[in-house]
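First comes the structure, then the notes that go with it.
The letters A, B, C and D name the chains in turn, as written, and every chain counts its residues from 1.
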Amino acid sequence: MLQVENLDVHYGHIQALRDVSFAVNDNEGVAVLGANGAGKSTLIKTLIGWNTPSRGRILFDGKDITRLPIWDRAALGLAVVPESGRVFRDLTVTQNLELGAYTEKHRATIQQRAREMFDLFPVLNERKHQIAKTLSGGEQQMLAIARALMTRPKLLLIDEVSMGLMPILVKRVFEVIGQLRASGVTILLVEQNAYEALQVVERGYVLENGKIVLNDTASELTQNPRVKAAYLGG
Amino acid sequence: MSIAQNLSNAMVLASTYILIAIGLTMVYGVLKVLHVAHAGVYASGAFVGLGAFNFVRPFCTPTLEDARLASNLAFWISLPIAMIVSGVMGALIYLLIYRYTWGKSPTISLVASVGLFTLIQDLLQKPFLLGPRQQPYPAGGAGMPRIETPWFMITPTQVLILFVTLILLAIVYVILNRTRIGLGWQAASLDPEMAAAVGVNVTHVIVLNFFLGSMLAGAAGVLVGVYDNMVFSTMGDVPSYKAFVVVVLGGLGSVPGTIVASIVLAVTETFMVAFAGSLMPRDAIAFLVLILLLMFRPRGLLGRA
Amino acid sequence: MSTRLEARNITKRFGGLEALRGVSVTAQDEILGLIGPNGAGKTTLFNIICGFLRPTSGAVIFEDRAIHTKRTHEITQSGIARTFQIVKPFSDLTVLDNVLAGLGCHIYATPRVFAEQYSTRTTIEPAREILAFTDLTKWADTLAGNLPIGLQRKLEIARALATQPRLLLLDEPAAGLTSGEADELAVLVRKLRAQGKTIIVIEHNMAFAMNLCQRIVVLAQGEIIAQGTPAQVQTDERVINAYLGH
Amino acid sequence: MDYFVSLAVFAGIWVVLALSLNILMGFAGQVSLGQAAFFAIGAYTSALCALKFDQPFFVGFFAAILVTGFVGAFLGLPSLRVRHDFLVLATMGVNFVVVAIFKYVDFFGGALGLIDIPTPRFFGVNNDIPYLILVWLYVGAAILISWYISKTWTGLALNAVRINEEAAAAVGISVPRFKIYAFIVSAALAGGAGSLYAHYLKSLFPDNFNFIESIVILSMVVVGGVGTLRGPIIGAIILRALPELLREVHDYRFTLYGGLIVLMMLFQPMGLLGDDSTLMRGLRRLFVRKEKVDYEHAA
């Protein structure tokens, strides 16, 4: 599904990713873990196209998308739940969902999918005519997930979904992600909250200083003391 | 003059402000560029409209007996031509200039825009275009009726301005709120990166944005040219600056805010001139308002903090 | 040990968001580490200490004087210098001029600012000493913007030192450095401590922080969740939870 | 002869104007599109001193410098509150307002302007040569002042403010204070130029100081190279002399200015003679052997 080969990313003089290679298979959940500043968000941003890599290739469904414009990636079936949601704050919940399906041209299909999202997230249904910025942090996060699902993406990228949320909401968001996995959505999850993340995916990578240092199944990683070391420098 | 008469005059003035300022607001909304050259598009619109009007009118006369009717017909042909040329001009300005300066310091785009404005205005002044003198644009009311009530009277030309503005606003409203690309525009002005990530082709949106906004400015140029029955190369000077007053007042990038701000400015100006008189010409008042506004409410009166 | 800096019960709200909730931190003569997950409020605390932000409530006391109502340049002049997480060297000035800009700290508010040239023998000598101390002598005439990141971070420290601070705030000094560069940096920071400066470090590189700091304060979601020696903090249940989840 | 004298007088005046804007833009990083307003205030102050108060030239000249310096401090206030691109708008507004005041207030002569401003005669010489020398002495002073500022702590502080205001504050620089300093010096220099202009031209009209003049000043700085000394000087001389010497160019000079500004912003935002411009790099390569810096081994 997704194949990343030898990716280097620089911000000016700072190298944020060093020779990162990994893959996500069809119908698989993969987590990328690591401490602050390890390069997790940079990775997601490069996959979406907000960053341009200085070296390496990104293959999606066998097609090289490294230099493809951002909007064309969305049309191929790549959707993102960005850091802190980034919903369109001044638009209504419904408009946000419609934008999620921007690449879909038939109105009826869009409305049909919006109804599905309202079934999946009843809280959004209650607030469908509300302006997005009046939603709580957790609700905005749900809206961001729903917006990403509107395209029926082949691959869902999720960036730090737990950040800035209250613990109870973190639980709820991960439940939703778990459900999505169960229903067969392919997911790449970038997360600081390692233990929660490892419960909803099958495999994981650990990033340290822009490099992949560990690569294992979720259950092995949960046990591995090096994961803890990667965060706390033990 | 009665209050009602002043109000109706103010609404005509407000219409022209709205047409000019919406383009600026739309550009600022997505690109965050202060598009000074918009005023050049406005003057060019007036020039193209006048040129088309003068070119077409003789052809209308042999077929239509009534000279009045011929002139009206020529106007209704010249208006869309002016709008389309202005729209294309706006789109080209983006494709040739702002596309490359976007993302660098906003000052670079702004200075480039000032340079472009200077260039357009000076070219218009050349004899092979508009020439250094004022030229009449005798389209009158273009067939619009005169509206008379006991309280106020609206001349046919004023009716024309109000009528065209309302129609254009309705079209813009429908495009922005009822179409897919309009939704994409709103998204792109809120968060261009995220809009691109959901599949909005931001380049298309911006080009359309420039096309529509410049079309409205071109229409404004034609309407003001007809209203004052005069077109001249520097006619963009004062409106350009006032349009910025409106854009800042309206909260930078908000179309409804721009409409409200246009009306507020027009009404204030009209009544100050009518009742208070003033030390300075009313244009200078608008500039003072802007300077103070930039200092104390830089996000605009209706803008978000 | 005497108290150099005391942040008392600092709260900072941005609109509806509470970035800091009643945070109290004191710094003695020590190297104090400030760690915590993204969005914990660490840089906000720095910005309040150095005067970029005003606290919504609470006070900052530096050497027995309240400074939270003062402006940044006054705070710098009173003896607090900082570096930035996203480096902000004066990029089109040379490395030497960057340091000189810091040396001017106690001149900018005096009339000498108009009359005196900034690049004279009496100013270049101390500037070169600072460059030598931070191991930047070789780059003195290079434009700061052309340096690689590791040297830019050092330059930020050099420029901060030039203001003759008694308290130094380092915002993620090791970010983007190779492990060799980070080790050099740790040596440099220890030398500064040996000179009697108080140092507060925000750091994401945990190995670096644990190794360098004498005491560590852990922030999460705008509150202090733990503080103590590196060893205590590393084994603290709440810290592990904050970083790894439950 | 007279033609060349007058050309040289005007060239000198425009060099000073370009240098004055350069202090604001190149040193302090504050882009202003209202420089013609300071020029106007200086010109009117000096002319009024002569016409209404019967003062000799030098009184008017120094009054012009003082008054514009003071007004500059006041008009610099927006720069403390307003983001860079809005500052450009605000200064544009200042230009419009100042011209409007001169145009509509009778004390300033209104739209009819001020006429019969005396040109001073020195040493009994009955031509404009001494005046020309005076103008270029003032140019020399402006160059010296610019150069001296760039060498003092003030210059370093202004540079710091231009590059990064937060970092400047973090080394103890009061950003607002230095911005205002820059406005004062810049305005005062332009004011002096205004005085020289008024007494040479003998008559003043508000339209001499329209917004377009601010753009001309801006293009001189931008084309020459912001922040350097050579840039504005050469920019002013080229852009001022070229249209005078070539008739065809003269008719299209604003087209030229506008086009040049656009092209410069697209391809050489630092100016033709800026420190990192293609031209200067080429020149440097011709005359200086390039030092190779090996970062890999250093880092």
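Keep this in mind: a residue touches a chain if its C-beta (ideal position, glycine included) is under 8 Å from a C-beta of that chain, and two chains touch if they have at least 3 such contacts.
All values reported here derive from a predicted model rather than from experimental measurement.
Engineer: Where the contacts of subunit A and subunit B overlap, which chains show up?
Structural biologist: The shared contacts of subunit A and subunit B amount to nothing, since no chain touches both.
Engineer: Suppose subunit C were not there; which sets of chains would still be joined by touching?
Structural biologist: Ignoring subunit C, the remaining chains still form one piece.
Engineer: Any chance you could check whether C-D or A-C wins on number of contacting C-beta pairs?
Structural biologist: Between the two chain pairs, C-D has more contacting C-beta pairs.
Engineer: Averaging only over C-alpha atoms, locate the centres of subunit B and subunit C and give their separation in whole Å.
Structural biologist: Averaging C-alpha atoms per chain gives centres 51 Å apart.
Engineer: Taking each chain's centre as the mean of its CA atoms, how far is subunit C from subunit D in angstrom?
Structural biologist: Distance between chain centres: 40 Å.
Engineer: Taking each chain's centre as the mean position of its Cα atoms, how many Å separate subunit B from subunit D?
Structural biologist: Averaging C-alpha atoms per chain gives centres 33 Å apart.
Engineer: Residues touching two or more other chains, restricted to subunit C: which are they?
Structural biologist: Subunit C, residues with two or more chain partners: 147-148.
Engineer: So with touch defined the way it is at the top, what topology do the chains form here? Options are line, ring, star, complete, other.
Structural biologist: Basically the chains close up into a ring.
Engineer: Could you list each pair of chains that touch one another?
Structural biologist: Chain-chain contacts present: A-B, A-C, B-D, C-D.
Engineer: Which part of subunit A faces subunit B closely enough to touch in the complex?
Structural biologist: 48-50, 69-71, 73-75, 79-80, 82, 86, 88-91, 95, 98-100, 102-103, 105, 147, 151
Engineer: For subunit B, which residues are in contact with subunit D within the complex?
Structural biologist: By the definition above, subunit B touches subunit D via 34, 97, 100-101, 104-112, 114-123, 126, 237, 241, 244, 248, 279-281, 283-284, 287-288, 290-291, 294-296, 298.
Engineer: Inside the complex, what are the residues of subunit B that reach subunit A?
Structural biologist: Within the complex, subunit B contacts subunit A at residues 180, 183-184, 186-187, 190-191, 193-202.
Engineer: Provide the residue numbers of subunit C that touch subunit D in the complex, in ascending order.
Structural biologist: Result: residues 50-52, 71-73, 76-77, 81-82, 84, 88-93, 97, 100-102, 104-109, 112-119, 138-139, 142, 146-148, 150-151, 159-160, 162-163, 178, 181 of subunit C touch subunit D.
Engineer: Which subunit A residues qualify as touching subunit C in the complex?
Structural biologist: Listed in rising order, the residues are 12-16, 35-37, 160, 162-164, 167, 170, 192-197, 209, 227-228, 231-234.
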